[in-house]
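Order of writing sets the chain letters: A, B, C and D. Residues in each chain are counted from 1.
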Amino acid sequence: MKNNLRTRLYEIIFGTDTPAGKLFDVVLIYTILLSVCALMFDSVLESDAGLAPYLNYIEWFFTVVFTLEYAARIYCSPNRWAYIKSYFGIIDLLSILPTYLTLVFSGASYLLIIRLLRVLRIFRVFKLVAYLQEANLLIRAIFQSRRKILVFFFVVLIFATVFGSMMYLLEGPANGFTSIPRSIYWTIVTITTVGYGDITPQTPLGQVIASLAMLTGYSIIAVPTGIFTAELANEMRLEREMIKCANCGRRGHERAAKFCSHCGSHLNIHHD
Amino acid sequence: MKNNLRTRLYEIIFGTDTPAGKLFDVVLIYTILLSVCALMFDSVLESDAGLAPYLNYIEWFFTVVFTLEYAARIYCSPNRWAYIKSYFGIIDLLSILPTYLTLVFSGASYLLIIRLLRVLRIFRVFKLVAYLQEANLLIRAIFQSRRKILVFFFVVLIFATVFGSMMYLLEGPANGFTSIPRSIYWTIVTITTVGYGDITPQTPLGQVIASLAMLTGYSIIAVPTGIFTAELANEMRLEREMIKCANCGRRGHERAAKFCSHCGSHLNIHHD
Amino acid sequence: MKNNLRTRLYEIIFGTDTPAGKLFDVVLIYTILLSVCALMFDSVLESDAGLAPYLNYIEWFFTVVFTLEYAARIYCSPNRWAYIKSYFGIIDLLSILPTYLTLVFSGASYLLIIRLLRVLRIFRVFKLVAYLQEANLLIRAIFQSRRKILVFFFVVLIFATVFGSMMYLLEGPANGFTSIPRSIYWTIVTITTVGYGDITPQTPLGQVIASLAMLTGYSIIAVPTGIFTAELANEMRLEREMIKCANCGRRGHERAAKFCSHCGSHLNIHHD
Amino acid sequence: MKNNLRTRLYEIIFGTDTPAGKLFDVVLIYTILLSVCALMFDSVLESDAGLAPYLNYIEWFFTVVFTLEYAARIYCSPNRWAYIKSYFGIIDLLSILPTYLTLVFSGASYLLIIRLLRVLRIFRVFKLVAYLQEANLLIRAIFQSRRKILVFFFVVLIFATVFGSMMYLLEGPANGFTSIPRSIYWTIVTITTVGYGDITPQTPLGQVIASLAMLTGYSIIAVPTGIFTAELANEMRLEREMIKCANCGRRGHERAAKFCSHCGSHLNIHHD
């Protein structure tokens, strides 16, 4: 009888196949989004003393809700220890702990920092993403291009180091380039075309080198785009070729196709 | 007789097939562009008291013109209520109403705000876009990629929330990150590589996190580009394949092709 | 005899097939680049009175050289009036005229402005570009996508007008959005992800709208890229298919291929 | 016997096939990265007098290590002079020389500049990159598109010159456009969408021209991306077509494929 309840709870909390399981996920995601919104309002209204008690109530409300969810998850897990040690198990614990600690310690300013760990819960929303077929195609293309993107990042960092050191020499602390790490920060700001303007080259030679860095960044933005586009086009082609007509055996039909474009028979799409 | 006039008016105002209908559309679009230009001059010269009466005359001129157009549209619509409730029906009303309200109320400063609703009329210009075959191809490609782009936006917003909360902790109100929403605003400014520089990280750790956010943004700019390019290439291929030679039945001709590249017969292009 | 000289001069100055013709073009391009460099130094050293006479000598040197070239071009043109009225004919005249006018008028400050017309001569350098096969491919791809890019520009301008008007309302003159045209300028700075930071939204709602404008701009940067990439890929495929093996008749060889990949015979590349 | 040692050393230092050779490369790369980190800390802590002796010890440590490596490389090279004159031979020498020169000269401030040459050593890290198959594909695609990218750079520079001169005229020294080179620097900052905001147009006409420059830059960012994407897609297709089934002879298999998709026999991948 009790086991039955655990199995039922497990299906609702961890599963997504039953209507109750789907509903639980949707409610959970809205609760997380609401708690993140509460955190935002918290940071906006912090200085307003009159609202402090209400913000406190809201904080405790979400803490109690997430504590109940955490307890339920531990209770119904077939392998409890595995859940507690898992990525989401740790996040679930970290997001409720800080509020309880405020009861013991009173150094509220430090705890506020830990309280923000709750934002990490927002990653649970990614679960929703996996429902969508489009996301899978994108994730596969990103996964295929991960090594190329890493190689690219590596090269950008080397360039940033060399350009940054050069600018540190040419401009020097007087013009804001106070150290090599700070110069590298400036180079990344420039190469990625963000361009805050908090540090800018002042000497003519520095401006020439900066222009070169900009044009380099402007051109190599093409590299990750090119990698990703080529991989995505490839994935889309593969997906098309996976659709095979059961009658004449031809492949290459569009994703949205309902009839074989060669023999006209209805396509019972089966991926193989 | 009267019905005849209504049908004729309907063809001119709503249709685009007759020469008069096309002319009406072109004149209307120029009038809208002119009225938008007038609004712009209005905002530039607002402080110049000497010009106020002239600007007033211009405003009433456009209001009367658009009122006549609105009346004519209601008059000749086969289904009047449907037009009034439609997207363009509401815009047409909203764009003339404010000027009349100034006769009743004198709180001009507040009405100026509503007057700007007239800018929404500029969306009528999109009707012109639909004439162009190129636009249709683009719209189809955007339509095909809409779900992928939405998934991407979703992921960017989650990243912005996490990065923004981190920066709020690391930099704090002293360095301009006065609240989480403001930090998220900064993150979006950074990830999209806009980089105003009104808020910039000052601490070394903040600059490291900011650099990571920039490189992330610089790489994921590839994602919408990749999605759109792959879809557009797909649409262009489909368009090519839709052109079929009537003589030998082969497909895959270029859009501009006049003769079949396989049998040399003239291509009577028919899409199927 | 004299006609012979004219024909010979014509081949050298206007032609590019003879060695002398090529040499003339190269020398001319270097002279133009040098004269542009002189203009730049001029603008840098303007305040330095000691250098003024030397800069004057240099200016007259280039003016005399370009006057001789202009005279020679008129002299040897088969159709003189056509050259004088042509785009380059007018530029050639405009680039020498200002220096002569300084002899007559002494309002030097105004003439300095016209003197800069000489920069337009730099467009002659594009002639060099046409030598390169790569440039032709690029130009063809740009030419193919011109209408799509125009449609895109149109849409961006409409969006900029609507976003700009909204920001003018929300932020107002107090926060730097002093007029609608200036707000549209800000919107273009934001949508193109340039982000100077000379005007930035200060109100929370303004920042939300600005974030939307940024994300829109960040996504639609995909559109011209997608258009151009798809067209370029198309052009490269067409170029490949233009290469046909004379022995077995197959197409689709790589641009750098020397032997047919199907029958192994040497490829005498002939485009058809 | 001695020759045996040289051959063994050569295999370790220059080779990458033996386990010892790979280990040497990895240790060397970490040493280089550490020495670059030391340089960075140096630039950060320069002002802190108490740390000066420790930083001095670290500098001498790396100098001795790189001196030993340099000596070993010369010792075991089959062709010593060729190594000394090679790109990496010169960098290896330049990166150790400055520290020794501080013993002879005491003008430390000038030597600090040369000391930064050590950063160039970081290019040795690229050797690691060549291990990765992904890098080769990227390098081949970049190599294929180098001429097109150069043509593009050329055109960007011409545009920057024309736009820069125009802005120099329109805005003038009063608004920060103090000379043509500085205006060209501004144009590059704008066209590449970096947008520092240290120089911004103030006049209405200047803002219109600036908007044009931004939209131009925003569109032509498509050009290098398009070039690179098209070339990369081409390289990926070629790589696919290089994989041929030994049984049925068909090509076009995916890189990760293990079995022929046509006859089902195991693919012994052999590129030809």
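Rule of thumb we're sticking to: a contact is a pair of C-beta atoms (placed from the backbone, for glycine too) under 8 Å apart; a residue touches a chain by one contact, two chains touch by 3 or more.
Because the structure is predicted, anything quoted here is derived from the model rather than measured.
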By residue number, over half of the contact pairs should agree; on that basis which option among A-B, A-C or B-D is the same interface as A-D? A-B
Copies chain C and chain D touch via same or different residues, half shared test: different
Can you give the whole-Å distance between the Cα centres of chain B and chain D? 41
What whole-Å value do you get for the distance between chain B and chain C if each is reduced to the mean of its CA atoms? 29
Indicate the residues of chain B shared as contacts by at least two other chains. 152, 181, 193-197, 221, 225, 227, 229, 233
Using the touch definition from the top, list the residues of chain C that touch chain A in their complex. 193-197, 225, 229
Please name which positions on chain D make contact with chain A in the complex. 36, 39-40, 42-44, 46, 113, 116, 119-120, 122-123, 125-126, 129, 132, 134-135, 137-138, 141-142, 149, 152-153, 156, 181-182, 185, 188-189, 191-198, 221, 224-229, 231-233, 236, 254
Provide the residue numbers of chain B that touch chain A in the complex, in ascending order. 147-148, 151-152, 154-155, 158, 161-162, 165-166, 168-169, 179-181, 184, 190, 193-197, 200, 204, 207-208, 210-211, 214-215, 217-219, 221-223, 225-227, 229-230, 233-234, 238
